[in-house]
Structure formats: structure tokens, C-alpha cells
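Listed after this line are the structures, all set down as C-alpha cells.
First subunit A sits with subunit B, and in the next complex the same chain sits with subunit C.
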Partner chain A sequence: MFMHLVWLNVKARLQYGRSFVYEILTSMVGYIFEFLAVWIIINQFNSIIGWSFFEILFLHALGYFVRATASAFLWRPMWLMSDYMQRGQLDKFLLSPVNSFMYIVGSNFMTYALSHVILGGMVAIISIFFIPIDWTLLKALLFICSLIGAMFIYGGFIVFSGAISFWTVRSSFLLRVLTEAWSVINYPITIYPRGIQILLTFFIPFALLNYYPTVYLFRQPGNSNSWTMILILAAGLSFFTLVYKLWWYGVRKYQGAGS
Partner chain B sequence: MEVIKVENLKKVYRIPKRREGFLNTFKDLIKHEYEDKTALADISFSINEGDIVGYIGPNGAGKSTTIKIMAGILYPTSGQVTVNEVIPYKEKVRNAKEISLIAGNRSNLYWDLPIIDTFELMKRIYKISDKKYKQNLDLLSEVIGIKDLHTVPARQLSLGQRMRADFVASMLHDPKIVYLDEPTIGLDIVAKDHIREFIKTVNSEKRTTVIITSHDIADIERICNRVIVIDYGKIIYSGNIDNLNSEYNNNKCIMKIKLEDKAESFNLEGFDVKQVNDMYSISFERKKITPSGMLNLLLEKGYKIIDFSLTEPSLEDTIKAIYEK
Partner chain C sequence: MARYCYMAYLSFKSSIAYKAEVWFGIFTSVLTLSIQIFLWKALFQYGESNVGVSFDQMITYFILSTALSLCLINSSVLDEIAKDIREGTIANYLAKPYKYKISLLSKSLGRIFFSLLFVIMPMIIISSIFFTIQAPHSLVSLLATILISICSFYIFFSIYYIAGLSTFWFMGMQGAIGLLIENILRLLSGALIPIWIFPKWLYTIASYLPVRYGFDVPISIYIGRTAGSDIVKGIAVQFIWILSLIIVDNIVWRISIRKLVIQGG
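On to the complex of A and B.
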């Protein structure tokens, strides 16, 4: 049912076929300029603390990829939570015999984010060809695991900001922080002072999205190894579960209060 | 057979108090003071299978609160509610499969997609078998009149068509109980008629229990067999619709007659007669004499009536009187 809902959203978006294509084109243009900026910077400085152009490009693209995948599913439903509550539209979801969370999430799939997912993915894959990596099956598997964990971490933050709208009505502030402040990870976090690195690793763990998995892949020896990958997956799953439970707690409180 | 049972239902809302004054606004930010608002005081009623119940009351009386609790989306403060032998807010999924909530001002349809897509979504959500889905889809579309509109996106439909599509979408899973919240709001006369006929047909064919909240008295009059009136969170009346008027002493009929011989002065002993242009208006209590009795009386007295009209006690007047108390 969930995938069917997602598909319905994509189908609806495709109804406006031409504007969908324009959206993708404009994102692509935006991307090209961003990468151009990176290229210029690297050209000037030859490399950024030892990271070559394609390595930075990969880091960049991976960040987009992870973030966009999580956002595609979760951004819009969580953004709409306070709206739904104020307009009494939450009832339709609570009334159905299916998991209300899944219903809300599936009904609000953001097709627009797919353009970021595809572009980010493509750029990442292309960059990989230019980077010497020692591939092993284990490495690839662990890398993918950490990506999944990272998606759940970022997604968890999105759901968290949606969940707190049960207690405070306007929660868009946190969401905006998430969508705009994450670009700090576009460069390896080792360029920042130690304090910021710790912040980005443990407190606002954006670095887990792209830096650590990337280091694991081809920047060894660095501050990331196979255990880090598993840790990221574990952290992601448990964090998301916690936030998920928080969301449901909010729902039950809402059902006690009513309006 | 009882299908809904509500006993001593009570619902109290805790509303943050908003205090007047500059300093108090800040105090409110830090720590809210709450006040209790009783939406439902002590409600009890039961509804039988196949009933079409008009659940009416002035705005703010507690209708939506009751419906939400029966639907399972709201938790009561105390009291018992059983719907189809299930406690709705405790077994949400089981309850959801047997009910349907249709609100006149909210649509369940996907705006940009053909309505058939919404129907198929409902099929998946309620896990309707292929056979039953096709059966219900054909039957419902036929009865309500949207058979040719399946491929039209919701945004291209008129309000009346959208309401009808909403009805079909909400009844594909054969709900035993349907809650209707202002189902005919904003619809033209013909559309209203169609919807009312549809409800009656479904009710008679499938024994669907219908609970309807409407401010349109004609809705209630035409299709309900029972009425429950709620005000200030308390049930004021619960019973057959026919008895409602007499219960509230609203028995006054008005018969207007035109006599062949206009010169005659017209007087009727024991009844209040007024002259309005060239017609006489007679007020009488239904309890004292029925309209047909009145006609017979006039004919017996030898009056030659060439035109007459009859106004029965109106439900609207009764309800107005109840609301104004």
C-alpha cells in the first residue's frame, strides 16, 4: 500500500509533465554551478587538505544523495503536520485501518526531491571512477549500510520536527535549520576546528551522512573504519525508532485533547 | 438489534487559558494556566442496526465530539462506547474497517488524479477483494450517477459530482455504520435529492446504519427515522422523528381556504380565523382535530371551498424552539 501511495504521488506530479521536466533542468543547472564553484576553489588551492577535486565532488554529491532520499519521503508530511492539525485534516489519517504514519508519509511523497537523488547519485558514481578505491564486497556492503543509517538519522531529525508540532503548533523553524544549515558538510569536516567537528559528529550529526562513509571508502587511514559504518547504521535505526515512538506519543496526546 | 451503545459518556477538554493584558501574555508563554471545558456532560443513547439517525444540535453542542469518539479518533474522559461490539478507541483498526466518515466540506479524493485512482487506493487500504470491489464500484456508481466520470480528475468535477465521488470512495468497503457530517452542504436542490435518495437506497439494501449531522432540516425530515438532539453536552431528546413535534407541543396546523361565495362572513366556532386577502386562515391544533377532520367539518357545514392549502407543524419551528431554550 505504501509504495502504491508513493506511486500515486509521482503519477500526480507527472500530470504536469512539462513543469516536472523544468524542475529537473533547473536543479541540474543549480548543481552545475555549485560544482563549478568547487572546481574553481580547488583549482586555486590545488587541493583541500589533501582531498582532490573528484574526492570533494563525491563528498558533495553523497551529501545531496543521502539528504534528498530521506527528504523525498519525510520532508513534506512533517512540514504539513501543524497544518493538518490546525485544519482538522489529521482525522482522515487517524480513521483509516492502516498505519497512520505510513499513510501520511506515503500520501506526501515529494517527487521533486527525486531530481536531487538522481543527480546526486549520478555525480557520485561518476566521481567514483576517478578515485582509486580498493573495492571489496565487505567494503561495499558496509558502505551501503552506513548510508542507510545516515538516511534514518537525517530522516529522524525531520520526523522529530514534525512530532514536536503536537506540543508547539509552529514547528517549521527546526525544519528550516535542517534544510539550510546542512551545507557545512559539503567539505571534509577536518577543515573545521576540533570543536565543530565534534558538534557535527555527535550533536548535529550531519557529518555521519557523507564524511565518515567517504573516509571509510577511500581515505584510510582516517577516523573511520568498518566499526564506524556499523555504528552509523545502529545509531540511525535506534534514533529513528525513538523519534517514531515520539511521533506516536504525540498522536495519542492529540487524540486525548481533540482540537 | 443494537449496533451502537453509548453510556454515560463524558468528555472534558483542557484548554489553555488566554489571559488579557500585557504582562499576562508573557506569563502565558512560560506556563499555561488551563481551564476545563465540558464538551459532553453525561450522554447515553443506543442506535439500532438500520436506523438513520439525525444527530442535531446547535453549533458547539458537542456533536462532532460525540462522532469523533464513536469513530475512534478521540478518547473520552469517562463512560462507555461500544460500536459493533468493539470499543472504537481501543480497537481502532477493527472499528475503522466497519465504519466510514464523510464530511461535506472535506474531500478524500486525490485532487489531480482521476477519481478511479482514489477508489483503487481505498481498495488497497481496506483490503477489498477484487470481486467485492468491482461489485460495489459498479453498484454505487450506478445508483449515485457517476458511472461515466471515473477517468475525470477530482479538480475538474463540480461540487456535487465530487461529493458523490466521495460517497462512493467511502462506501466501497461496505461499512456497517456511516457517519455523515453535513453531507449536503453547498449542494443544489437536485444534488441534495440525489444524495438523500442514495442514502435511503443504501440503507434499505444493505441495512447500513447512518448517523447524520446536518443543519438542513429537510435532510433530517426526508430520510431520518430517529432524531437525537444534543445541546450543551447533554441529550435533550432521543426518539422517533414523528413524535418530536408533539413532544414539544408543536401541533399547530394552518389551513387556508377560499370560499366560492365571498360575501359570506366566515366564522368557525372554537377556532381562530383570520382573513388574509380573499382567503381565510384557520389555526387549529392537530391534537384537537386532524386536517382531514377539519375539511370534513367545513364540508359538513355546507361551505363551498374552491381552493385550500395546508401547513403542517414544521420540524424547523420545533428545532428552533429547542435551540433557543
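On to the complex of A and C.
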């Protein structure tokens, strides 16, 4: 049912094939200039604290891929939450016999984010060919596990911003901050002082989304190992469950207010 | 003149209405600046590559470039023109007793005054708590920096103005055009990375473009990388650029208006 709703959304969007191509081209502009800037710096300094051009490229692209995948599903419904509430349209989702969360998320799939999923994925795969990695099956599996965890972590942040709107009525501000704050992990977090590194690992764990999986994949020995990958998956799932509970708690509070 | 001042005042006032925008602007600029400074700090510590300036000069460069980019790189002129073209309201301006370009210019100035007061000042105060901003190299270089920065406003305005008029031909594409221009301006003006660090071929391209008068030239003068007769030369060349851009954007305006009239039938 959920995937069917999503598919309907995508299909409706793909009717306008030309504008989808236009969206991909637009996203590409941003990528090209970002990578050009990285290239200029590495051309001058040979590396960014030991990371080669393609390693940084992979870090960027992986970040985009993880973020865009979570955003495709969750960003628009959570952005619209406050809108729905102000216009009283949220009841439509709450009154239906299916899971309201799934319903609201499924009917607001953001096809635009797919362009970032495709581009990020492509750039990441291309850069892998330029980085020596000793592959094992376990490594590949654990890496994929960590990506799923990472998507849930970022998704958790998005749903959290949406759930907040049950109390503040405005969710857009936090979501915009989230979008901007993202650029913090475009470079290896070791460029930051120790305190910020700890902050980004445990408290606002953005570094779990791309830095630690990347280090695990091709920068061993580093501060990341197989256990870190499993921990990322566990952290992602439990954080998302917690936030999901918070969202439902918000729904109950919202329903209570009316009577 | 009074009516243009009033337009500037109105756009200043309407900016105040968006309080969340102010917080957001301060947050983003401080964040972006901090990332940039930490990155360069790591680069300075790790590599022994010679970039021609000290680390403190580099920090000052980035703080000033963040402040200037909040003034200069702003696609609202482009968006406004694209909106007027799409909705057809641009035709009304032909009948009104003021110039379309000057009205856009005054609105843009109003917005800049607003962000100077409420975004740039707080940004500089906050970042000076964490990072050190160097004093200007000399009084002359401070004055030259201010003069060149103010004049470079017209260069950036003119580029956005021409881009906005180009939506006559690229209807509905102002999003992509805005993004493309913003990226090009940011990179080639030295807003992101000082252009003297560029590889030779890219430096050559950047050094012949007018956008460097927004960032590279004034900030280099401020930190004392450029001094003496080079300052005078810089001001002279910028003056020529502004004159040529005034001529070019007037020509583009004439051509666009002709297109508008043809469309009208």
C-alpha cells in the first residue's frame, strides 16, 4: 500500500519527463562547482589532510546519496505538516483507517530528490574505481548496513523537525537549519577541534552518515571498524523508532486540543 | 530621486517583516564561515604548501568574503525580473514615470542596508569572538577597500539584471540560471577560494573577469597583499568595467523590450 502510494507519486511526476531531466541538470551544476572547488584546493595542497581528490568526492557523494534517499520520502510530508495543521487538512490523514504516518509520508514523495539520489550514487560508484579497496563480502554487507542506519538517522532528524510542529506549529525553520547544517560533514571531521568531533559523533551524529562508513571502507586503520557499522545501524533504527513514537505522541496531543 | 529612495526604504522595511530570515541568515553565514576557517586551518597545519599569505590574513579574507557575498551574491533581482516577465507586469513599468532598472537598483540597495545592519554586523561580531580579524593594512587601503566594494555592487547588480532579462528567451528556467550564475560568481570572484591559489589557466580566466572586483581585489587590498600603484590601477580598471556594463545592460534592455513588444502583437 505504502509503496503503491509512492509509485503513484513518481509516475505522476514522470509524466513531465522534460522537467525531470531539467532537475537533474540543475542538480549537476551544484555538484560540478562543488567538486571544482575541492579540486582547486587539492591541486594546491596535494590532499586535504591526507585525503585524495576521489576520497573527498566519495565522502561528498555518499553524503548526498544518504541524505537524498531519506529526504525523498520524508522531507516534503514533514515540511507540509505545519501547513496541513493550519488549514485543518491533517484530519484527512488521521481519520483514515490506515497508518496515518505511512499515509502522509506515502502521499508526499519528493521525486525531485531522486536526481540527487541518482547523481550522488553515480559519483560515489565512479570514485570507488579510483580508490584502492580490499573488498570482502563481510565488508560490503556491513557497509550497506551502515548506510541503511545512516538513512534512518537523517530520516529521524527530519521526522523530529516535523513532530516539533505539533507544539510550535512551525516546522520549516528547523528543517531549513537541518539542510544548511548538513555542509558540516562535507569534509572529514578531523579538520575540526576535538570537541566538535565528539559533538558530531555522539550528540548531533552527522558524522555517522558518511564519515565513519567511508573511513571503514577505505581508510583503515582509522577510528572506525566493523562494530562501528553495526552500531550505526542500531543507532539509526532506535533513533528513528524514538522519533516515530514522538510523532505519534504529538498526534495524540493534537487530537486532545480540539475537544 | 526621492521616489527611488522611498522604494529602497520600502524594500528595507519589508525585509524586517521576516524575523526568522534574519536568524537563519546569521546562522548560515556563521556556520559556512566556520567550516571554511576550520578547513583552511587544517590545510595550513597539514601541508607545507606556500599560499603567499599568513593564516591570520586568510581568516580575515574569509570573514570579509562572507560579509561581501551576503551583499553581492543575491539572486532576488533576477527572480523579480523573471516574475515580472512571466506575469507580464513588466509591461506596466514602461508606462510608469520611472526607470525599471533604477527601481530594481534601489530595492536591491534597501535589501543590502538591511542585511548590513541585521545579518552582517552580528555575523562579524560573533565570528570575531572565535576568530581574529586583522586590522586593515593602512588607512589608504581601508578607504580603497570600501570604495571598490561599493562600486562593485553595480557590477554584480548588472550581471543579475542581464541574467534576469535573459529569461525572455529562457522562459521558466530562472531557477537553473540563478544557480549557475551564483556558482560561477562565487568561484571566479574569489568568494570561496582566493583566486591566487587557482591553477594557472583558471587564474588567468578569473583575473580578466569583472567579478573579482567584488572579492579578490578589495580584500587583497585590505589585507595588504595589493598595495601602492596597483590600487590605483585596480580602481581605474573597475571604472572601465562599470562603464562598459552600463552600456551593455542598456543594449540588452533595448533588445528585450523589442521582444516584449513583438510578443504583445
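Here is the rule we go by: the second predicted complex is superposed on the first by the 258 of 259 C-alpha atoms of A that agree within 3 Å, B and C clash if a C-alpha of one lies under 4 Å from a C-alpha of the other, contacts with A are read in each partner's own complex, and residues count from 1 in each chain.
What we mean here is this: a contact is a pair of C-beta atoms (placed from the backbone, for glycine too) under 8 Å apart; a residue touches a chain by one contact, two chains touch by 3 or more.
Small disclaimer: the values here were computed from a predicted structure and weren't measured.
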Next item on the list: Look at A:T26 in the shared chain and tell me whether it touches subunit B only, subunit C only, both, or neither; answer first, second, both or neither.
Entry: second
Check: What is the contact status of A:D91 with respect to subunit B (first) and subunit C (second): first, second, both, or neither?
Finding: first
Margin query: Contacts for A:K11 in the overlay, against subunit B (first) and subunit C (second): which applies, first, second, both or neither?
Written below: first
Note to self: Taking the superposition on A as described, I'd like to know which of subunit B and subunit C A:T136 touches: first, second, both or neither.
What the structure shows: neither
Next item on the list: Name the chain, either subunit B or subunit C, that contacts more residues of subunit A.
Entry: C
Notebook entry, point to check: subunit A residues touched by both subunit B and subunit C?
Noted result: none
Checklist line | Residue ranges of subunit C in contact with subunit A within the complex | finding: 20, 23-24, 27-28, 31-32, 35, 38-39, 41-43, 46-47, 49, 51, 173, 175-176, 179-180, 183-184, 186-187, 192-193, 197-199, 202
Check: In their shared complex, at which residues does subunit A touch subunit B?
Finding: 1, 4-5, 8, 11-12, 15-16, 88-89, 91-92, 94-98, 103, 255-259
Notebook entry, point to check: How about subunit A: which of its residues touch subunit C in the complex?
Noted result: 22, 25-26, 29-30, 32-33, 36-37, 40-41, 43-50, 173, 176-177, 180-181, 183-184, 186-187, 190-193, 196
Checklist line | Residues of subunit B that touch subunit A when the two form their complex | finding: 11, 13-14, 39, 65, 68, 71-75, 89, 92-94, 96-97, 99, 101, 106, 108, 110-113, 117, 121, 124-126, 153
